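Look for chain A in each of the two complexes below; its partner is chain B in the first and chain C in the second.
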Partner chain A sequence: MMTMAPAPFQTEVLQTDSTNWVMGPYHPGLPGLMQLKLVLDGELVVSARTETGFAHRGLEKVFESEGWTAGVLISDRLDPEGAIFGELAYCQAVEDLAGIEVSERALFVRTLAAELSRVVSHLGFVARLARTVGAETLFHYVQRDREKFVDLFELLTGARFSLNFLRMGGVVHDVTDGFLERVLEVCAVMRHRFKEYNDLFSYNQAFLGRARATANITPEAAKRVGLSGPNARASGIAMDTRRWAPHAAYSKLDFDVVMGEEREGDCHGRYMIRIREIVQSMDIIRQCSEIMPTGSALGLKADEKFKIPIGEGFSRVESSRGLLTCHVLSAGGERPSRVHFRVPSRAPLDLLPEIIPGCQLEDIPLVLASLDLNLAEIDR
Partner chain B sequence: MIETLSKVFSSLLILQLGFVLPVGFLHSYFERKIGADLQARVGPNRVGPLGLFQGIADQLKLLQKVSPELKTPQLALWPALQLAALHAAMVTVPIAPHLLMTITGLSILLPLWCILMVSVCSLLLGVNSREFTGWLAGLRSAFQAISGFLPAMISLISVGLSAGGFQWSNLLSPHDSSMGTWLMFREPFLFVSFLIFLASGMVILSLPPFDSTASGPDLRGGLGTLFSGRRSSLSVIIKFYGVLVWCVLTVGLFMGGWALPGFLSSVLVAVLGEGAANTFAYQAIQVFLVGLKTLSLMMVLGVVGRVMPRIRFDQVADFSWRALGPISLVCLMGSALLKAGGISP
Partner chain C sequence: MANPKSSHEVWSARVREVFKGLAIQDVSQFEATGSNRAIQIFVSRESFSEALSQLRRSSNELGLSFFEDLFAMEFQGGLLVTAKWTDTSQFGRSLWLRVVLPVTGTGELTELPSLAQFWPAAIGSELEIEVLFGIQFLNRPDFGSDFSLDHDHDHDHFGFPMRRLGSSTEKAEQQ
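After this line comes the complex of A and B, so read on.
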């Protein structure tokens, strides 16, 4: 009779391997349609890879099938939150190519619209960032104030988003009576709001505990990937296209490059620099209102068919997210033969796999929000 | 036997209809209204006069929805156990002397164990969710509960030490409880213990701003979104019940519980006679008073949650172990010294 040998004692081993988790393409913590492929050790991020292209629209290709003026409307869609920057980059590039003169007043109106757009975009940034850390109260405060600036766009252009406001050589219609006074009123109210923001959130210990020394970007890393705008300035790189290659009416205005005074290159620094830039933008708006020249600001009519000579044009714009460039090629026809944009959100996205490791999983939405990525302009 | 059962049943009925439902109704309204006011919004103003019935409308809407099939049968078990544990806690918390169904030498510890049961069930709920986000939320919940439990227990011991026992009868006198005689104002260490106990409850129950278990941006809502349809109303009820139990417990421990202020007690005795404490009117006023204090405390927690940004779960645990725990120990020693020195009454 056979006897069964007792089963050997097996030691239970606790599996402590790393975990793979793919965030997205649809996830409330992501800034848009993208994937973040994470390797986690517990809740600590070990490595990360990004994947985009889920909402590619072939935007640059659309320019080639439409007329020169229709390009303004298409460039609106580059960054829906800061529509004016896409328009400005495109119009300036075409003006550079065709040698179209822009009136002095139009330059100031464009600058005014650009700075209003910067305020709206930065306030949107603050609202999104507040939401990632559960600061719903600040989110509502910011949305309340942002609405007032969006109302100004309605007064100026008739639209709240997708403005379609610029034209080659100027703007589609001049500022109406009382508009500048209304802008100054809104800015005056907004100045008082910052104390509220700072008391409630900016220097709140709970927020500081999460945002300080999180996902730091060194100046070397920022230069390597071509980081620009507030993200670069928060890392100590004093680069602002409005100063080193002034466009629109910036050369006639008095302002400095806003630099980070907080710890360099962390989430809190990136937040604070945008708060300061809102204040600066309101100062620029005030200057524009005070020294706005008289004359006509109108550009070429939308229904005017015109040909642009053979050649290429290039423009740089300091958008709310950083350096936005536009390169236009013309074969001499009624439509562009190629339009290409260099968008500011690409560089921070490329930097993401470098700065996320070491962060807690819970902080990933905060880091993404602090970089102010715009997937619409990346997946253009 | 039948008499005992009928007494228990009637007590439970009074507890639910006379306390839990009115507090829940008022809480759902005022929490939203005050929260909206803080956030520069209007808040509920459509359903019923001044929007009073918004909470009821929301629950009715949830109950009308179809619940999809659960991924695992355990997902139905753990919320049911949570609810059972919270119901069990309700019969041991001090709402009125005649509604206390369990009187033991360790009465004030029983609700705490029930709350711990809720946290254990949250862990199991997350583990059984078959979702990575649910799994993380469950672990975070357990992690926070363990870290918050220690300071809560130490604060409770401070209270027991000062009161001379762990029975509600040691803590709550039936008469004369003006604010000055509340345990939290008796000596400074007990006031700190009160704050620690309240904060520990927020940590254990994962209330905002310590609600990383229900974080939207990273965990897609965590444990709160494991259920959909009408089952999601269950998670709302469990959350409310948890806060309610903790606040009633805090009121009983530190804020005089059911004891009426001296002048009110005298007036009632003068009006109702010597046996006033056994009359319905007297007991109804006691329940009303506990309800009022509980509601106020729940509002305070709600405001804190609305105003503060969410704190990361490891920072919450750090805060509990490094701040709440040691401070509660210091308070315990301070209370003990005051008691031994005869300084504390």
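After this line comes the complex of A and C, so read on.
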């Protein structure tokens, strides 16, 4: 019986064309409504374009039809996760324009609320990043801890989100008895959690393998696009608005700009800098509680009329995502003529076409999560 | 130790010198709380391009390495465009370059040279201002970012959403 000899093995070179891949505007791997237009060579990203504006809210326009105090509520919606920063930037700009004095105690209460917001925002970042790379356990642990800080907002303001807490010249409610003690208790528990986070995730080899040397941002690129906040500091740029243009009570507090050890501007560096900033924020919260001045922190009531002269007001705030500025224009009427915010999420978005090429397609959600983009403030 | 006030005055004088010879309409100090003060320079539309070139040449010397913001607003019947630079290592060293663009017609487009060709950080703001205020930035490089609004579902609006000048809303109010 004759047997057929097997055909000699031939290697074949596969020719592939680049493919166009459009992610979004609705996609679970994206931080919000946006579009990423990618050109891929297999799984490798060759080039990228971004598009925004799909859910533009006209938020700055809404200010023009509402009163000065109602603007606080609108500025809440700038960044729902860090509502206090929008409020702070807006109130400071209006106070600057109208010459409204803010009491010493109110400055400290505002600083306390801002740092609690920073912790909540950064913990949200850690949870999102963990889920993106499949670390489901850490996601649940972080959400558990984050809830405790959100509970503190409920104690302080009566709301968990959209706080509507600041008023011109102060805040709506002063801190109640036992609040500061409760804050310190939660912070003490939180300090123990970091060992858990680091053991589980921060130095996990699977995470390091994906996050290290991925989507690096050089200091030159960061400066070129105006990157600020933790993303810039992860790239080695020592810029923190709380230090170079102190607002609220930051000039009275002792803290350094957190730089971290990595300074490589990769996804892991951006994660680690936020972990360190949570620790620093809790230290600032402790200082605030220790030297909180006595007196009243209450601002003007919502229905209280006050005159805003013709002119412009301007303020800078270090939000959890970076430099947030507010510019208000008054024509002397009952409502602003123009309110404009410079938002920190815009710069990392503009960097995406530069840093995504060279990444694997599967790493794009990780890169986006590591930049902590907030589409709500971009499409404000 | 140097007197910070006099050091600021020296710096302010140097900024004014950089723009010497241009059609400057006004130079003033914007005083805000804390360290948020700035020198604001109003230039004519014709001098805006030259002012950008001058500033680009001198930005390192002046320490204005951080492009902070670019935005537009309605002002005295026209559109006021403000570009902001700041020195993030020195308190209160900021420069606002401002130009007023006359707008007369409904939905009329107006033009300015692009800032993003020198300061890529301006790209996002330029894209927004173009759609929302109708100011075209000439020679804008393509950095791979787009901004678009869904005009198909905005039936009530004609013109540019952030502008009151010549908008359909203003027309309806006048009627």
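Details
Operating definition for what follows: the second predicted complex is superposed on the first by the 364 of 380 C-alpha atoms of A that agree within 3 Å, B and C clash if a C-alpha of one lies under 4 Å from a C-alpha of the other, contacts with A are read in each partner's own complex, and residues count from 1 in each chain.
We adopt the following convention: a residue touches a chain if its C-beta (ideal position, glycine included) is under 8 Å from a C-beta of that chain, and two chains touch if they have at least 3 such contacts.
Everything numeric here is computed off the predicted structure, so don't read it as measured data.
In the superposition on chain A, A:R338 makes contact with chain C only, not with chain B. Here chain B and chain C are compared by how many residues of chain A each touches, and C touches more.
Judged by the touch definition given at the top, the superposed model places A:I310 against neither chain B nor chain C. Of the two partner chains placed by the overlay, neither chain B nor chain C lies in contact with A:V189.
In the superposition on chain A, A:E95 makes contact with chain C only, while chain B stays out of contact range.
In the superposition on chain A, contact of A:F207 is made with chain B only, not with chain C. In the superposition on chain A, A:W21 makes contact with chain B only, not with chain C. Shared-chain residue A:E51: touches chain C; no touch with chain B.
When the two complexes are superposed on chain A, none of the residues of chain A touches both chain B and chain C. Chain C makes touch with chain A in their complex at residues 30, 32-36, 38, 65-69, 71, 73-75, 82, 88-91, 120-121, 123-125, 131, 143-150, 161-162.
Partner chain C is touched in their complex by these residues of chain A: 47-54, 56, 58, 60-61, 92, 95-96, 223-226, 239, 244-247, 312-316, 323, 325, 327, 329, 337-338, 340, 342, 346-347, 349-350, 352-354, 378. Against chain A, the residues of chain B that register as touching in their complex are 38-41, 132, 136, 208-209, 211-212, 215-218, 220, 306-315. Residue ranges of chain A in contact with chain B, taken from their complex: 19, 21, 27-29, 43, 130-138, 140-141, 144, 200-201, 204, 206-207, 209-210, 360-366.
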